[in-house]
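Both complexes below contain subunit A, partnered by subunit B and then by subunit C.
After this line comes the complex of A and B, so read on.
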């Protein structure tokens, strides 16, 4: 395993919502991608959106805001949005 | 060969459909069952199919479109989910067995009452009777267009009456989705059931249901979901709540391609094309002595189906002559529509169903008319 770095992780109730995020994330220019959900999270869906957030608290906050903005703009229901070292 | 059995399944599909399925077969992993590239490819293709269907049929969004193997499967899901134990269901005599049998099973096994609104000998629905039957009902299952006559019924009018009565309405759009412009929101139905392999141009083994916002359809099947693995029961989140087990992602990739073709061509163009073919065939048939065209009495419209009989000739023999002597594929018999045949008085004779698709031509219609003229002449002479 490589060195853990901060990521904003969005989790979903359904695979369909996760896939909607994949399409929306690309369209809105996010840097993240869909990945298997980290085991420390207990979300229902096996997919999570991982947005890189390395560079300090302000960068992490901005990354979380960007993810939430896409979720809201596209009407995608997330189970949660958290900051994790992955 | 002239293929006029599109109400059973479309044979001539856009080439993009086969290309999409072929590509999927060699590149897809399990849909929703992993996050590696092969699984994501399958997942995104299924998502594209949901999005395309939602857009074409006026569903609230991709997350309100659930897939299954065919219209029969999703009608079973919707009927079982929305008709309570001991509840009252209403349908019409135009219904296919995919509606009638689940309803009669609910009557026999779950204490439900089933009321059937009649059609007259021209195939027209008795709306006044339907409106009376809806009172006190829990669920109405309406066939959008008869798979026998092609007549379209006024779904918006029925949905309004059903909702006034406090019930829900399922629309069986097996014959209209992809053949006519269909907008679930404008029609006001709670659930719209469709099949992928007819006018939507997808492969067999694809179908689905669109569920209105605020309508909860409980799962019929429970099992693998790829999510919530430690829950004892199947997750209740749409659309995956209605999709236990691995989806037919290969087929759904083809369905997405078929729907994309329809969107690019335009539903109005497809509907107008099929209406022209229907009109041409009917115009030729009315000039043939002894030929009876079934249905046609509905004000709400018509899809690309013409059902007929030649004198008292067995419909199976007429269809067989069309196939063996002229290479024209039609469908004879009862068409899984027993109550409509009873209404039309064709239980013993059956009917010859000619059904058009987006790729049929006027020349093919003319060839069919020439063949039927020969058959009608023979029948009139007792041969």
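After this line comes the complex of A and C, so read on.
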């Protein structure tokens, strides 16, 4: 188990929205990936987008803005966007 | 809880659940059926006289334990969340068809793994169908399948199924109202208190580890993540050891308890379960765990499975177990009768129709603008997500 690093995590109400984010994230050049939703965040077994945000508060804020921008541009409904060490 | 966020922890959870399964098998549950969501819901339906197949009637404490174990741990760890509203009637149908498929195969995915661990090659054949079913479901997800999101509802609503099951268990233990088989699988069971305690633990662990046979494979297909398969691997290892140690391991197609070698129907039965499970967001076991943590949609799926079990035995849809010839009776090949074959094929067609009918374009599926959801960068504000 590697050392936990900060990630911006976007969670979704449906698997469909998560899979849409997978495509959109790649298309918009995000560095993250779709992965099972962190157990700390949800009792569900769906997916979440994990965007690396290592490098301090400014980097985290920029990563969060980038994720939100993709969500908005693609009309994808997210349940939450949070910062988490994973 | 760290145990549930690390790979080693998830494998350990699988080992612990596997020990629970071994205890249930040792204490008297039917052969290669230590814990089976489909078979035990079927037995419960029989005990409630929803069907009258004499060998499969018993109010299984394990079902109560799974749901209530999930409920208690979810409440204790503040993960209980009463939700509803994600295409409930469609989920009822999915539960119904999953149960028909499982009873044609003679087991849910959990029993499939238990049978595989006992050397039952028919279960390995069934695994092919299950994998194909999950893969088909994953394709629908990639094309935009969704039953819609769940919404928060009255807190008490999510507790109804756990409470009903507790009441049923009390009636079962304290009275003779419910039917109990005198012969057959329904007559074989661990002592009720032991069964309840083991199932409570398994239910709690399954809730915390998010154990789901279908989602484990779905994640492997969709995001190449194998983490959710670890608990299943843990269970399998323990059950192999248990079966080897007790002399129950027998690598063969023939002579397996409560099984048949109709390969096509084993494959199609579990194909329906795999596909239905991905569309419903969880395998039969997972549906009970979801129901326990407050999902009314999970509870509706459970009811679909209960009614499906009743139909399966009232109308001769379930597969028959193969049996060797005796002095009095001829050998039985087992498998589903024509009615079961027909209904299963129709069920698969219905699943495909449900899959196609609920494919949505992403832009249209987003019912609210993304900007409306702009939560702060604070993990404490993240609410649990629906499937």
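Here, the second predicted complex is superposed on the first by the 83 of 86 C-alpha atoms of A that agree within 3 Å, B and C clash if a C-alpha of one lies under 4 Å from a C-alpha of the other, contacts with A are read in each partner's own complex, and residues count from 1 in each chain.
Operating definition for what follows: a residue touches a chain if its C-beta (ideal position, glycine included) is under 8 Å from a C-beta of that chain, and two chains touch if they have at least 3 such contacts.
If you're wondering where the values come from, they're calculated on a predicted model, not measured in any experiment.
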item	value
Superposition on subunit A - do subunit B and subunit C clash or fit	clash
Which superposed partner A:30 touches (first subunit B, second subunit C, both, neither)	neither
Partner chain in contact with A:47 - subunit B first, subunit C second, else both or neither	both
Contacts of A:84 with subunit B and subunit C, given as first, second, both or neither	second
A:16 touches, of subunit B and subunit C: first, second, both or neither?	both
Which superposed partner A:75 touches (first subunit B, second subunit C, both, neither)	both
Which partner, subunit B or subunit C, touches more subunit A residues	C
Which superposed partner A:66 touches (first subunit B, second subunit C, both, neither)	neither
Stretch in clash, subunit B with subunit C, out of 19-27, 37-45 or 271-279	37-45
Common ground on subunit A, meaning residues reached by subunit C in one complex and by subunit B in the other	13-17, 19-20, 22, 34-36, 44-47, 75
Footprint of subunit A on subunit C - complex, ascending	4-8, 74, 79, 81, 141-142, 144-146, 148-150, 207-210, 212, 215, 219, 222-223, 225, 227-228, 281-282, 286, 293, 360, 362-363, 365-371, 373-375, 377-379, 381-387
Partner subunit B, residues of subunit A touching it in the complex	13-17, 19-20, 22-23, 34-36, 44-47, 75
Parts of subunit A lying in touch with subunit C, wherever the complex brings them together	1, 8-9, 11-17, 19-20, 22, 33-48, 60-61, 64, 68, 71-72, 74-84
Contact set on subunit B toward subunit A in their complex	32-35, 40, 43-44, 46-47, 50, 61-63, 226-228, 231, 235, 237-240
